[in-house]
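Okay, got some structures for you below.
Below are two complexes that have subunit A in common, paired first with subunit B and then with subunit C.
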Partner chain A sequence: MTSTLEAPEEPVTPAARRSPARPGRPRRLSLRDRLFLGVIVGVPLLALLIFVWLPALASFALSFTSWDGISLSDVDWIGWENYSEIFTNYPPFWPAVQHNVIWLLFTALLPTPFGIFLAYQLDRKIRFTRIYQTAIFLPMVLSLAVVGLIWEIIYNPDNGLLNGIIGAVSPGTHIDWLSDPDLNLWAVLVASAWRHTGYIMILYLAGLKGFDPALKEAAALDGANGRQTFLRVVFPALKPVNIVILVVTAMESLRAFDIVYVLGGGIGSKPGMELLSLLITDNIVGETSHIGYGSAIAVIMLLVSLTAICTFLVQNFRKDKEEE
Partner chain B sequence: MTATATPPAAPPRAPHGTPDAKRSRPRRQTGRHLFLAGVSLLWLIPLLWAMYTSLRPYEDTAANGYLSWPRSLSLQNFSDAWAQSGLVHFFWNSVLVTVPAVLGTLFFSAAVAFYVSRFDFRWNIALLMLFTAGNLLPAQVLITPLYRLYLQWNLPGFLSDSYLLYNSYWGIIAIHIAYQCGFCTFVLSNYMKTIPKEITEAALVDGAPVWRQFFQIVLPLCRPAFAALATLESIWIYNDFFWPLVLIETGDKRPVTSALASLQGEYFTNPNLIAAGALMTAIPTLIVYFALQRQFISGLTIGSGK
Partner chain C sequence: MTQQSRIPATGGPRRRSVVNGMMGVGAAALAGPALTACGGPPAGDPKSVTFGSNGADATPKKAYAAVTKAFTGKTELKVKTNTVDHDTFQKSISSYLQGTPDDTFTWFAGYRMQYFAEKKLAAPVDDVWETIGSGYSEAAKQLSKGTDGKYYFVPLYNYPWAVFYRKSVFKERGYTAPATWSQFVALAKKMKKDGLSPIASGYGGGDSWSILGAFDYLNLRANGYDFHMDLMHGGVAWSDKRMSRVLDLWREIAPYYQPGAGGRSWQDAAQSLLEKKSGMAVIGLFLGQQITDPALRDDIDFFPFPEIDPAHGMDSVEAPTDGFMLSRSPKNPEGARKFLEFLGSPEAENIYMGVDPSNVAVHSKADTSKYNALQKKSAELIGAAKHITQFSDRDSDPGFISTVVLPGLTQWLSHPDDGTATLKKIESQRARFFSG
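Moving on, here comes the complex of A and B:
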């Protein structure tokens, strides 16, 4: 798309030619301009509303029903029943909440800071940066099928790499990493961290590239060591990136699905690996569809994620406004 | 921001610090290289292990286990997976979905970002939040109603042989664009805010209509951001298997990633073959990543340099 456009390095018009009106005000856009903007913004907006927000609202409505998902005339409105059932009488719900919280804490405390640390190391002018960068980012490039397969042949209790390395191969000593309810969540978290670290590293590295080197030099002149420079100067100055990373980490943890789906062997949450996203899929796609039930869990998940997201976004945008 | 970082230094320390840092540099660099190389290797081990598995004949690993020295290594598994699974066809399905979806996402999110970041309308922030939050919705929240909607939505026969949005490439493309626009809009609007307002102001004073500002000034200046987003979006959309699983009925319209799942079912007994097939599906995203790598990082500079 962009390649077809020539890039005219538009010379900045001298200040003298600027109109006296306050910059940034929409200044009497012509009808044609408004029409153009209306179309190019209207089309994606319409798509967003129809394909994303309308289904989200419909899910909300469905959460108050009992429905097998087959015929629309079978929809029964049952009010808050699904919700009260879920909170009081649905065994996998609270473990799922707990696992989602563990997922969030783990991701926020280990792979995220490690990714930031790696980015900071790579940003110093050293050789082979690109090789290191590629190696650590590579898992992000791979498809789910590949990731699932790779960890399958590592965790396999009989002939997997991990048991082979730690020597748990003789009969009776096998460790079944993906089936043991005390272990499987952690096994999956390791695989997830493998991908997440590279992602965070790349995002942070991008932020560091845009960082004003004069600030770092000033810090060095002040006698700050590497750690001080990072914690006192670089990290606070990179607030926009930090917010993006917080949002990414929170969201990936809340909607964690893919890796668990593959390593858990498809639909059906396994003991020890219950997650909200899997419970929703179980209820909606499973053999006995409880659409209302699944939708209610989806709405709970939605509310949690929207609260987290809106807090960040409002903060982000408010700051933006102040800066302008 | 800068004010806190640059108070005039205590004079005696300043001259001392610089040569000191220089002297210790070579040694520190070695340590850093060792550390980074170690981490890189650790990160590559799972992938190298899969590669090693895929290069070994099934008979060998079945008899001697996977943790053994190879009797022979060959590309046989790769050619078998290629020949037996009809991967070419599924690759083509992936291309048919990924290319329009990525281009559409980039174009439309650029438009929304342009609108939101270059004009001061009252509902700007609300609009941006609507898009951003849309991308953050869990996909599971949308499936049931979306599935229903797709079953109701008629398309003319030349667009979809099912006469429905369900089971058509357009349906997959549409949901990808609608869903992914949020992320790209967020990144691009931050990026566009860093382009000085004077540039478009000047064009406006010169009487350039808005579409020219968009196509001839703002879009070309966003090229690095586009490169970065194109990389990420190609990877995400190509790798996605959730939407086709729900919204495509017939197996032969599925993209390569979800087709691989059925390969896994069919050749369950031969992990070496599946490893080869899985690694092959990674090739297109690897190509995209390596091709755009140079611009990738610089383009992701999420407006943090202002």
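Moving on, here comes the complex of A and C:
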């Protein structure tokens, strides 16, 4: 993110500094300096290659194999078979894609705007604002796994809080929040939204704190009402934060895993709650792993994420250029 | 995925979840390294043996501690036990065994043991069997052999699955234990009329494995042992019409399952049986781990899963066997073998069963005089059986069961229809798991 924002500045400064300094000599760095530079650039580069690109490429390669993950000699190259299997004959695949999309849309349309709304309200210095902030942000301090545990207690069909409140505990009226395939995804989404709202709120609040109040005053002088001030002045001026929030939302939706894993009982995908990330672990983790099959799903997920992120970044760059 | 989670009643679903939450979530990435990290003493320490245990819950943990202590007392070899949560242990077993595993580790008999033996991730223990072999029945020997005919496993105990109930409930209401399917269904119907949940059921969260007990028995009783094993080993199509029959039978009793089962843990379901809210439960003897009051234990009884087809009668009993294996290159091979020899002795079994009385010893010379009534009856049931099965996820590819069969069957069970679509869905995946 940061690189996007700072990008235009970079070429200016070093070039400007370099040219007047020593025009005649291309190599002004001593051997030690070059060594030092080599190390501080080389080590992270190596780490990036080893820990990011190598595994990514390896998964890509493995997605064309059938392998149990135990001995390398058992690797069996089967071409596109995994992919064709997944697309045509893997019952949980399309539900998982669908659920990932629902997850993205839900998170982008409900908790994210709600978080922004809360941030905007809390920024107006109402009374007890710190208490509200703390209360809303609190879930964010907890790991999603713990959030899952809390909601598991709420959703318990026999003695859970929710069924207790709505009186659905007697036989026949049981509502099985976490196992009914028509309900459980929404139950999990509510739990994840509970946490996501606080996250977005704090991000946006940070943006609002750095917002120039003079702009608001000017808007007020021009006769803008609250809604107009927000939509026409504050929101566009906070573009960097908005981008961060969008990326965070997209990322969180694509990588959604832990809360579903906990609420599903820690056994991977369950009917109604399939997600791509869960299908990957289903196939790779466990006693008999299907590394190739799992990798193929991982590659599909990687491509989906890259497409989403690239489109998004390209669009933003383009807009930036147009504005300049 | 699990055979049994072995979490005592006091904790209920929460404790289980905490364990899952703390350990399970990171399992994908962390468990492997974590397991190996706490694995071991410096290589080749001749005075100690390392032991990877999945008995993380209070009762088995205490029982294993007593066993290892007795071993140290006898041989002066120290045992370093590395205990890992039951579910996590299973999920990470593959990476655990490929890393630097403990010298010996707890595991299950049957297909799951054979899988790792075939992959050369475990060492054969034929020499151990030369010492302990005389104490075991032919069936136990078969269960301990890999596909290459070598021994890879030392059994400790097994426990039967059956239909459990409270004697006092049956007495009060005048029920009698059913022997045939029609009697069973009639009894369930009557219980429902009397305001009980006829069949206690909880397969929520990670407990969906618990429905497999009923599934195995339905298939064994309706189609027989040979068909069941064929099915488990991937040799028969799931869309076979004999399978539709199994789901049809299941559909008959589905209305008598305790409602809300999909959100309840097996422990909560067992509790409802103990509290007399449910009439029966298709479960393993490990149900006993839920009981703390000895008087209550005396009130529990079971009957074998009823007969469906007279041609097969009740000749098969589902009795999963737990025991130990030797890792592929133990750091202290001699010590580890000594330890396994001890684990395969009647003495070790007596010590274990003394702490954890909800299992039955496999060794024929184990002391059965201290058995409680349930254990005695269990031993008889297993002893009289013509065929002993392990459990779906031990007799078959566990990945197939946990990622294909279980989601399919649990989904079907919450809305039981004729099941054709479910069976087709399962069948479409079979080839991926049983290619060779």
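Definition applied: the second predicted complex is superposed on the first by the 266 of 324 C-alpha atoms of A that agree within 3 Å, B and C clash if a C-alpha of one lies under 4 Å from a C-alpha of the other, contacts with A are read in each partner's own complex, and residues count from 1 in each chain.
The rule we apply is simple: a contact is a pair of C-beta atoms (placed from the backbone, for glycine too) under 8 Å apart; a residue touches a chain by one contact, two chains touch by 3 or more.
Please read all numbers here as calculations on a predicted model, not as lab measurements.
With both structures placed on the common chain, the touch criterion links A:L178 to subunit C but leaves subunit B unconnected.
Among subunit B and subunit C, the chain that touches a larger number of residues in subunit A is B.
In the superposed model, A:Y132 lies in contact with subunit B only, and not with subunit C. Within the superposed three-chain model, A:P44 lies in touch with subunit B and out of touch with subunit C [touch as defined at top]. By the touch criterion defined above, A:L303 lies against neither subunit B nor subunit C after alignment on the C-alpha atoms of chain A. By the touch criterion defined above, A:P91 lies against subunit C but remains apart from subunit B after alignment on the C-alpha atoms of chain A. By the touch criterion defined above, A:L149 lies against subunit B and subunit C together after alignment on the C-alpha atoms of chain A.
By the touch criterion defined above, A:T281 reaches both subunit B and subunit C. Of the two partner chains, both subunit B and subunit C are touched by A:G69. Once chain A of one complex is fitted onto chain A of the other, the partner contacts of A:K270 are limited to subunit C, with no touch recorded for subunit B.
With the contact threshold set out at the top, residues 69, 145-146, 149, 152-153, 258, 281, 284-285 of subunit A are in contact with subunit B in one structure and with subunit C in the other.
By the touch rule above, subunit A contacts subunit B in their complex via residues 1-2, 5-8, 10, 12-13, 15, 17-19, 23-27, 29-30, 32-33, 36-37, 40-41, 43-45, 47-48, 50-56, 58-59, 62, 69, 72, 118, 121-122, 124, 126-128, 130-146, 149-154, 159-161, 164-165, 194, 197-198, 202-203, 205-207, 209-212, 214-215, 218-223, 233, 237-238, 240-241, 244, 247, 251, 254-255, 257-258, 277, 280-281, 284-285, 291, 294-295, 298-299, 301-302, 305-306, 309-310, 313, 317, 320-321.
Contact residues of subunit A toward subunit C in the complex are 66, 68-71, 85, 89-92, 145-146, 148-149, 152-153, 155-158, 171-172, 174, 176-181, 258, 261-272, 281-290, 293.
Those residues of subunit C that touch subunit A in the shared complex are 1, 13-14, 17-18, 20-22, 24-25, 27-28, 87, 90-94, 98, 112, 115, 119-121, 197, 204-208, 259-264, 268, 397-400, 402-403, 406-407, 410-411, 414, 425, 428-429, 432-433, 435.
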